[in-house]
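Okay, got some structures for you below.
Two complexes come next, and they have one chain in common, chain A, joined by chain B in the first and chain C in the second.
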Partner chain A sequence: MTTPLRPDQTPPLTMDTFLQGIWRENPVLVMMLGMCPTMAVTNSLRNALAMGLATLFVLVGSNALVSMLRSLVPGTVRIATYIVIIASFTTVVDYAIQAISLTLYGALGAFIQLIVVNCIILGRAEAYASRRPLLHSVINAGGVGIGFTLGLVMLGGVRELLGSGTLLGFPVFGASFQPWVIMLLPPGGFFVLGAWLLLLNWLRGRQPGAAPTPVPVHNHGR
Partner chain B sequence: MAAESIPFIILSTLFINNFVFSMFLGLCPFLGVSAKLNTAWPMGVATTFVMWISSLSAYLLNRALVAADLEQLRLIAYIAVIASAVQLVEMAMKKLSPTLFRALGIYLPLITTNCAVLGVALFQTTREYSFLQSMAFSLSAGAGFTLALLLMAGLRERLDLVNVPKVAQGSALSLLLAGLLSLSFMGFAGLGG
Partner chain C sequence: MNKPPATLELRSAPLLHTPRTVEQIMRHVVYALLPLCAFAVYAFGLSAAALIGVVTVSCVGAEQLFNRLAGRVSTLADNSAVITGLLLALTLPPGFPLWMGAVAGFIAIGLGKAVFGGLGGNIFNPALVGRAFVQAAFPVAITTWHAPFMNGRFTHFMPTSLTTPFLVPPDAPLWYGALPVDTVSGATPLALHKFEHVATGTLDLFLGTTAGSLGETSAILILLCGAYLAARRLLNWRIPVAVLVSAFAVSAAFALADGQRYPDPWFMLGSGGLMLGAFFMATDPVGAPVTPRGAWLYGALIGAVTVVIRLFGGLPEGVMYAILLGNAATPLIEAVTQPRVYGTGRQSAPDKNPP
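Then we have the complex of A and B:
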């Protein structure tokens, strides 16, 4: 990807550079990327938020670096280079979280280190940051990171509310509430995300003149 | 944890803590390649092979890194090994079966970013498994992943023939299906003590 940029390859910086990752191309709800951390750490709102912010940091940091190095990295080894860059930022986050809160570190477990293999980050680096200037890449990565956090929070909020009757640790329902433990367990993650997708599909279908449903990535195999 | 016996590790990673259904690892290929049985099968085998190679190298690498007191480089070293292993599988498959290579498409290089593969390497390190335990762990993790892929592919092949409401088509339905499978795998909890 070392070909020089043609003028038409870099569209002007618009609000959309930032916003597309948040809603229209939301990584969790539309693109179905980064599913593993999405499911695994969303059993409480706090974990979801922490995971989202950690990923946001790695995403913005690595995309900035990829964008700065884009004319130096030879095309044949670019994926390996990106992975090493992402792994370095993840190591930083890993040690930072250990220093900030050991409880949080224990709750997120191996999934902090697994940020390396979050396909959202590599996907953004390859599809966007490797051919755009620094400012574009950082703003776009910020949008995608916020979109990812939003998706995690939507999942984590529902699962914590139904599974333990609390939000961020504060009880919401009265003492008579019987928690839906299944929502905290693995099947709950699948069910809640499935339900969100059903709801969004339904809303999209009701919108007059709605944009056609984007094809989720994982249907390309068909 | 290091005292776990080999049969227990195999049983545990295959069913009780199945990588896909209870640890949420490897979900992208699980949802992506599970549309047809004849692509799910080779994908499972390829992933298992990569898991085994990277588990083997991760074990040796970890000993070297600990000896050299360079543990902060562990993550970077692991991912480099995995990327090379995937490259190897990709080259082999291109040579041996070009049709299969095309069918798997983008999901073959994406094994690198399959969290199940890195997961195996990381978990065996944190649980301080011995060499034999690591081998048993990586092979049964791969078998468990293949099992999940095959189950899902079988179900989705049937679903293609069914009239599904428009709102539930695609990923929403796959997720609900995965939830049901995961629910049934919870039945294995408590097995083997």
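Then we have the complex of A and C:
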């Protein structure tokens, strides 16, 4: 048996289905999910972008398949099934990146394979795709994937700019710029993330009529 | 007669207060740091004076800025930002680019103190947070040392000091060719020992005629200033004693085991920032344990970790990381060293059958 759908669980398709993952429940900047790849690969804009797009692909693909199979998957083995589906898409991405650029593959290291256990993807599959129609699931996954990519790019851009003085490998500040090596190290990732959170929460707090910053609790299951 | 109504004042412990205020304590710490600053200026000249000034102004400015942003009353009067600035400057190498000093000061107050809610809320020594940041951010600049007592030190800035903000410091030896100086740059005794196996005399270490960070070169002066604070009971004397004894004991053990490879314990005590760290950094009342036994444990931990990092780590100096580690361990140390509450027995189980 699949997870039963309650009548109130399929709201109409709105812009929020898509935008939810980008702003209100951004996985990196609000829900603080997937911190492991976030900290590890955002030391350059290129790596951040590649990681974000890889995750976006796996997220959309696996959510589509999970949504299509939602009435066939027995509830007791659903997590295992989701993992197999996610792993299949991850393998596709893994080989694709190896084929496209071996240097990029080397830079991202094991974090491409670790997309399998990325809690954003499993969380979306379990909490959303397993109980929503195909279109809903794909659109929502697209939003979350774009939100994740956006978060990584915001981190990676600042870290590369300060840590190497370049953007996408092109020098920005000239040859005599003093790089801030700490920005390429893990502490720099935490500093930049903290600074972005500070800025965004401050902006959210200033929105007219805004309630105190929403802190959604991620639904990891039922 | 209109007698005021009798009131009963209810109070809870602590009932005894020291008349001392934070402002007074901090002022005396500043007094104790001034001789170190004066010696730094004497040894390293104009650049040292400018660095101390810039870092202190940056700390005070950051304190004011974050107070303003948080909507708090100004806390500049308690001098704690000045102390952070002076201490931070004293741990930086002379000739450290002034703009990097300003960054260090801003980070020290912003990241080391303001984000935790200001004085008393910080878990790490703010000055060391600032130094750790620039150590990781600008690893080359912070390990570029200049020899003390250079000839033109009171008339010329060290070339690296006046680097344009956000640019790489110039190559020091190229500049020195045009200046009336006789020495170029000097490695610190610890670096000399670690990388070139050159020993430095203990007398030089204690008098302060060696290269090093602004305030760490003269062990004798630090001892005197620390003793002044300890005598006025403004620092917990157990901590520096524990740090120094522990560092001495651990390095003595290594020196006895293999005297060829490991330096003698007196070298360990006099070199690098151990004295400065033991007296002025580790004793930060916010980050150090308040329990007496905890203070011994904390000091011993810092001394031992310092020696281990110096002997086996990749860096020649380990005091900063040892103290930050000690700060991190402080809550744990306090939890296991709680003193016995007066009136309770040593046996945990109460007497079941009172007579």
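Basically, the second predicted complex is superposed on the first by the 206 of 222 C-alpha atoms of A that agree within 3 Å, B and C clash if a C-alpha of one lies under 4 Å from a C-alpha of the other, contacts with A are read in each partner's own complex, and residues count from 1 in each chain.
Definition applied: a residue touches a chain if its C-beta (ideal position, glycine included) is under 8 Å from a C-beta of that chain, and two chains touch if they have at least 3 such contacts.
This structure is a prediction, so every number in the text was calculated from the model and none was measured.
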{"item": "First, second, both or neither for A:T103, with chain B first and chain C second", "value": "neither"}
{"item": "Partner chain in contact with A:T76 - chain B first, chain C second, else both or neither", "value": "neither"}
{"item": "Touching partner for A:F173 - first (chain B), second (chain C), both, neither", "value": "second"}
{"item": "First, second, both or neither for A:V84, with chain B first and chain C second", "value": "first"}
{"item": "Chain B versus chain C as contact partner of A:F191, first or second or both or neither", "value": "both"}
{"item": "First, second, both or neither for A:V181, with chain B first and chain C second", "value": "second"}
{"item": "Per-residue touch tally on chain A - higher for chain B or for chain C", "value": "B"}
{"item": "Residues on chain A lying within both footprints (that of chain B and that of chain C)", "value": "182, 185, 187-188, 191"}
{"item": "Chain B contact footprint on chain A (complex, rising order)", "value": "32-33, 35-37, 39-40, 79-80, 83-84, 87-88, 90-91, 94-95, 110, 113-114, 116-119, 122, 182, 185-191, 193-194, 197-198, 201-202, 205, 213, 216-222"}
{"item": "Interfacial residue positions of chain B with respect to chain A in the complex", "value": "21-28, 31-33, 35-36, 39, 72, 75-76, 79-80, 83, 103-107, 109-110, 112-115, 117-119, 122-123, 126, 166-168, 170-176, 178-180, 182-183, 186"}
{"item": "Residues of chain A touching chain C in the complex", "value": "173, 176-178, 180-183, 185, 187-188, 191"}
{"item": "Footprint of chain A on chain C - complex, ascending", "value": "100, 111, 133, 136-139, 141, 163, 166-169"}
